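In what follows, structures are represented as structure tokens.
Both complexes below contain subunit A, partnered by subunit B and then by subunit C.
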Partner chain A sequence: MNTIRQIAAVLLGIIFLATLFAGAFAPAPYAKQFRESPNASPSRMHLLGTDELGRDLFSRLLYGSRVSLLLAPAAALLATSIAALVGGLAGYAGGWLERIAMAGTDLSMSLPWLFLLLTVRAVLPLNVPPAASLLITFALLGLFGWAASARVICAGARSLRNSDFVLQAKACGCPSLRVLARHVLPNLRPALFAQLLISIPVFILTEANLGILGLGVSEPLPSWGGLLRGLENWGAVQANPWRLAPLLLLLIVVSCFQLILPREDFAA
Partner chain B sequence: MWHRILLRHLLALLLTALLGGLLGATLVRFAPGFGVDERELDTRLHEDSIQALRHSRSNERNLLRFYADYLAGAVHGNLGVSHSFARPVTDLFAERLPVTLRTVALGLAGGWVLGLLLALPVATLRGWSYEFFSSLACGAFLCLPSAVVAILFLYFGGPVALAVCTVVFPRIFRYARNLLLQTYALPHVLTARAKGLSGTRILLWHIFPAAAPQLLALAGVSVSMALGAAIPIEVICDSPGIGQLAWQAALSRDLPLLVNMTLFVTLVTLAANSASDLTSKALVKQAA
Partner chain C sequence: MRRLTLALIAASILLSGVLPAKSQSGGELHFVLRAEPKTFDPMLVDEEASETIRFLTGGVLIRVNRKTQALEPELAASWKVSQRGKKISFHLRDGLSFSDGTPFSAEDVAFTMRKLLDPNLHSPTGDSFRSSEGSVRVAAPSARDVIIEFPAPVAGLERLFDQVAIVSSRSPKKETAVLGPFTVAEYKSGAYVLLKRNPYYWKKDAHGQRLPYLDSIRLDIQQNRDLELLRFKRGEIQLINNLDASYFENLAKEEPAAVHDIGPSLDAEHMWFNQVPAAPIPDFKKKWFRSANFRLAVSEAISREDLCRVVFSGHARPAVGPVSPANLFWFNRSLQPHPHAPQEALRRLQQDGFRFDGHVLRDGEGHAVEFSIVTNAGNKSREQMAAMIQQDLEQIGIRLNIVTLDFPSLIERISRTFDYELCLLGFVNVDLDPNGQMNVWLSSSSNHQWNPEQKSPATPWEAEIDRLMQAQASTPDQNQRKRSFDQVQKIVWDQQPFIYLVNKNALAAISPALANTSPVVLRPQTFWNVESLYYSNQGRGVGQ
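Up next is the complex of A and B:
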């Protein structure tokens, strides 16, 4: 099992590095149009061909993957930080604070969050510049994706609340916030890291869903959601099967994230 | 005892509805463009008419008054009027809800049957090859966005409910497999196997009762999963349900419709979770 995890981690690393240095590998800027060759087949100049606007698909795939692979972890970090704050405080303090926080997380978890994202995205202007749409999409994912992690962190903090070292720290007169910051949260690091890893593929898939629905990152900035929108033109996909490349890469990346998670994180 | 638990769940639902409504009203009130009426741009209107239009909306500017009016309307079954469809929200709900309920119910039933049917042999056969291939297949479906599943179903002509089933079953499989593996390793199940009880008897008398509370909790959560999956699937497969309505409302920024819908979906999922929680408690009490 460890070998599979190592292979997945290496593969993920290679993809991440390739997308991070997209400028070095991409034959053209992602928005550049080759107007003389729309819907071109793969060639030495365009490795995956071009889309209907004549943009190089390989370049768009590299840049789009970079967007998702850089911002999904950033959104996951934001969500995990909020979860650490809410869950850690609630679990450590206990009592009414824990009950209120857990009622809030229950409420958030009971709501299909694509509905929530649609509602909040609709409140914000839809015709924003591409960079702003990028930030809005991933910021919303981070701000609304913390509830499940907060539950796990709260359970962890609750179990640490009455542990010997925390009781000793309290008995020595250590202030509560210091106990939380110096003794409780560092001991929750493995759970926080696992939650961070779990959140990344979830956010990647949610961005893809929002992008296909036209509510994600706006054109011409590429993202996996935007690239997968090309699949809606099934005739073009049948004629040019290499247009499935974004889907294949998404499958590989999300599978790698699932595989590198410790086995016990999948437990019911 | 039961009355108190039931009352607590009902109160939680009511509180959620009130808080959700307030949150929704706040979103509507502070959304960009609130209170602007296109008719004000009509050059044929007299200044007094424009002032009258503005005055008719002045009550909505006070959030608490706006929310109180909304609640009063909701109590009488009036959830407001959709801006984009120019129709009462209740009419739109009445039209679209049966479509989504049918899709989600069929998808959930299929997802549960398929998920459990695939998970059971993992726990009973204990062969690595079956577990490897079933986990691989379900893992591949887990890595697909539900919108991509919808595109595939659209082009291969599959029913919409089957698309929901395809999104739900890998999740059911994953949790059910882990749960069944844990339950099959319990001492009383090992004893029952050692005594030579048949597989069906062990399953029905020892496995399902022990795993029932977690399976019921999963049933509550799976409603939320299926409703979430229904949005992209209904949009792409052009199924006229609540999911498609939510997407249309989001694109046209029809907040009254969207907020009512979000509130409604929250209440449905909370009710499903409460029902699974109450059933689970009843089962545990009966077993004790």
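Up next is the complex of A and C:
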């Protein structure tokens, strides 16, 4: 099991590094349209061929992966931090605070977030550069994606609230904040780490879904969501099977994230 | 005499190639309705699915021949427009019956017109006849004559009757008694509409065989276009109208004989700058957008040829203006699409005080030229066009931000808040007559998108368009109308309030099993001559 986790981690590391230094590997600028050769087959010049507008698919895949792989973890970190704050406090405090926080979490989970994301995107100013729109998209994902994690963290904090070592610390006169910071949060770390890792592929897929709806990262910036839109026309995919490369990479990355999850810690 | 005999033999050979033998008629045609028909009442039709049913079942006095675009007599043997378009007199064919056997007479036409023009009915078809206040007088002086008098001239009056399906005044079956080739036999909500042959249909072929040849038509209600294509490939349906370019290419590889590129359609893709004075955008941008030179420069910086070739796989033509070349009579043939000329675009911009430093274009006050283009999310071809326009404008130093919005949000911005800068959308044109575009060109109209509902025209050229549109609408003289509308097209070409990009080609798929097909640009592309369609012996459809 450990070996599989190590292989997954190494694979993820290689993909991260390749996308981080995309400029060094990309044969062409990701936005450049080679209009004379749209939908071109793989060649020396275009390793994965070109898309419908003649843009080099390999370059777009590298840059698109960078976008998704850097910003999805950032959004996951934001969501997990909010979840830790809400869930940790609610679980540790218990009583009416826990009831209110969990009611808020339930409400948040019951909302149709996809439509809310569309609405928020619609009311944003129009003259937003692609890079800013990218940041906004992932920030929204982070801000809206904390609820499920908060429930898990709350349950963990609740079980710790009545544990022997916490009771002993309280009996020794340890202030509540110190108990929370020194005894509860460190014991929640495995659950927080697991939630962080779970959220990353979830956000990657959500961005991909938004991209398929045409509402993700704006042109000409590539993202996995945008690249996956190339698969809409199955006839074109059958004719150009290398179009499946973004899907394959997405599957590898999501699988790797799932494989490196610290399951034992999480179960504990 | 010998020559005459030879000619008769030749004609019969020719006809035998076109007309089916008795054994070839029959069978069931299958195709798809992409939405549920909202009504079967021909007077209340306002969407495509119901219009399809009306076309297949309704009998009209005058029909626009979808191929020649000329008017042809149908239930009316002849007609005459008089009093400068205020009065129309019909002389009806004799001996016709509705699908239930009820005889057809002038009373039915009078009944239909009175009902259609009743303001309480709110008939979209009736609305197109209302040119001014006042009542319409309908009289049936004999069983075969009808006279209709309007309070004011109605431009293109005869053409409007192409949409008026005559209903019976006496039949107990009311609007289900029809005069068209088929009649509605069965309808299962969300599933299908089954049409059966009208046994009393009046048209006959050259052999004297009563039309239509087909026994029935089954219209499956199905929105998914991928499934539609799949079913066509399986032979479960025989017709597809309005194919997308990507589906067309896909099908062309497998069944080249089934696909038809009919040429430019009436539809256009276009974009426009927001010129609303109260729009919440900076004043310096409003100044850019109101400049004809600026709009022309943007227009000339765009490569329409590339849009056609790359986005539509060559199944589109660079657009000239509001009228497609497919509109044979009304298109102004003296105009050409604006050429791709970035240098000329820069020269125009310099005339307006803009400076290009090789990377960024700046206006006279030093503002970098940057604006956003909005279009509806999920429309792949528009998103691709926007990406190509983005690269084209970059060549002249303009930075374009692309924003895709869900349709309700987009409509909210372009018609209520006016919080947008440039919008890319399309026109779906179904009407050949310029009167159908009145609500776009009149400056007081809510569909005058770049600056709607003006109290008085904001610019002299808009005032001139108003005048010309009113002039063409108030005369029955087609040539005079054409001259006026040609001038409108020229002004729009010069001023570019709408920057027309491409006219998509009309693409269709027809099963080779069907004979006598002749797809056209106008709706309903593939089955406009439905009464003459039949299955050839070589490949009878699944419905046989």
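Note that in this section the second predicted complex is superposed on the first by the 247 of 268 C-alpha atoms of A that agree within 3 Å, B and C clash if a C-alpha of one lies under 4 Å from a C-alpha of the other, contacts with A are read in each partner's own complex, and residues count from 1 in each chain.
Here, contacts are C-beta pairs under 8 Å (C-beta built on N, C-alpha and C of every residue); 3 or more make two chains touch, one makes a residue touch a chain.
Everything numeric here is computed off the predicted structure, so don't read it as measured data.
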{"item": "Room on subunit A for both subunit B and subunit C (clash or fit)", "value": "clash"}
{"item": "Which of subunit B and subunit C A:E219 touches, first, second, both or neither", "value": "second"}
{"item": "Which of subunit B and subunit C A:L57 touches, first, second, both or neither", "value": "neither"}
{"item": "Subunit B versus subunit C as contact partner of A:A122, first or second or both or neither", "value": "both"}
{"item": "Dominant contact partner of subunit A by residue count, subunit C or subunit B", "value": "B"}
{"item": "Subunit B versus subunit C as contact partner of A:L251, first or second or both or neither", "value": "first"}
{"item": "First (subunit B), second (subunit C), both or neither touched by A:A75", "value": "neither"}
{"item": "Touched partner set for A:L107, first subunit B, second subunit C, both or neither", "value": "first"}
{"item": "Touched partner set for A:W234, first subunit B, second subunit C, both or neither", "value": "both"}
{"item": "From 22-30, 40-48, 130-138 or 256-264, the subunit B stretch with C-alpha clashes against subunit C", "value": "40-48"}
{"item": "Residues on subunit A lying within both footprints (that of subunit B and that of subunit C)", "value": "118-119, 121-123, 126, 213-215, 232, 234"}
{"item": "Touching residues on subunit A, where the partner in the complex is subunit C", "value": "31, 33, 35, 38, 52-54, 118-119, 121-123, 126-130, 133, 213-215, 218-220, 229, 232-236, 239"}
{"item": "Residue ranges of subunit C touching subunit A (in the complex, touch as defined)", "value": "226, 246-247, 249-250, 253, 306, 309-311, 370-372, 374, 377-380, 383-384, 386-388, 390-391, 401-406, 409, 419-421"}
{"item": "Subunit B-touching residues of subunit A, taken from the complex the two chains share", "value": "103, 106-107, 109-116, 118-123, 125-126, 201, 205-206, 208-209, 212-215, 228, 231-232, 234, 247, 250-251, 254-255, 258, 266-268"}
{"item": "Residues of subunit B touching subunit A in the complex", "value": "12, 16, 19, 27, 30-32, 139-140, 142-148, 151, 154-155, 174-176, 178-179, 182, 214, 218, 221, 224-225, 227-228, 231-232, 235-236, 246-247, 249-251, 253-255, 258-259, 261-262, 265-266, 269-270, 273"}
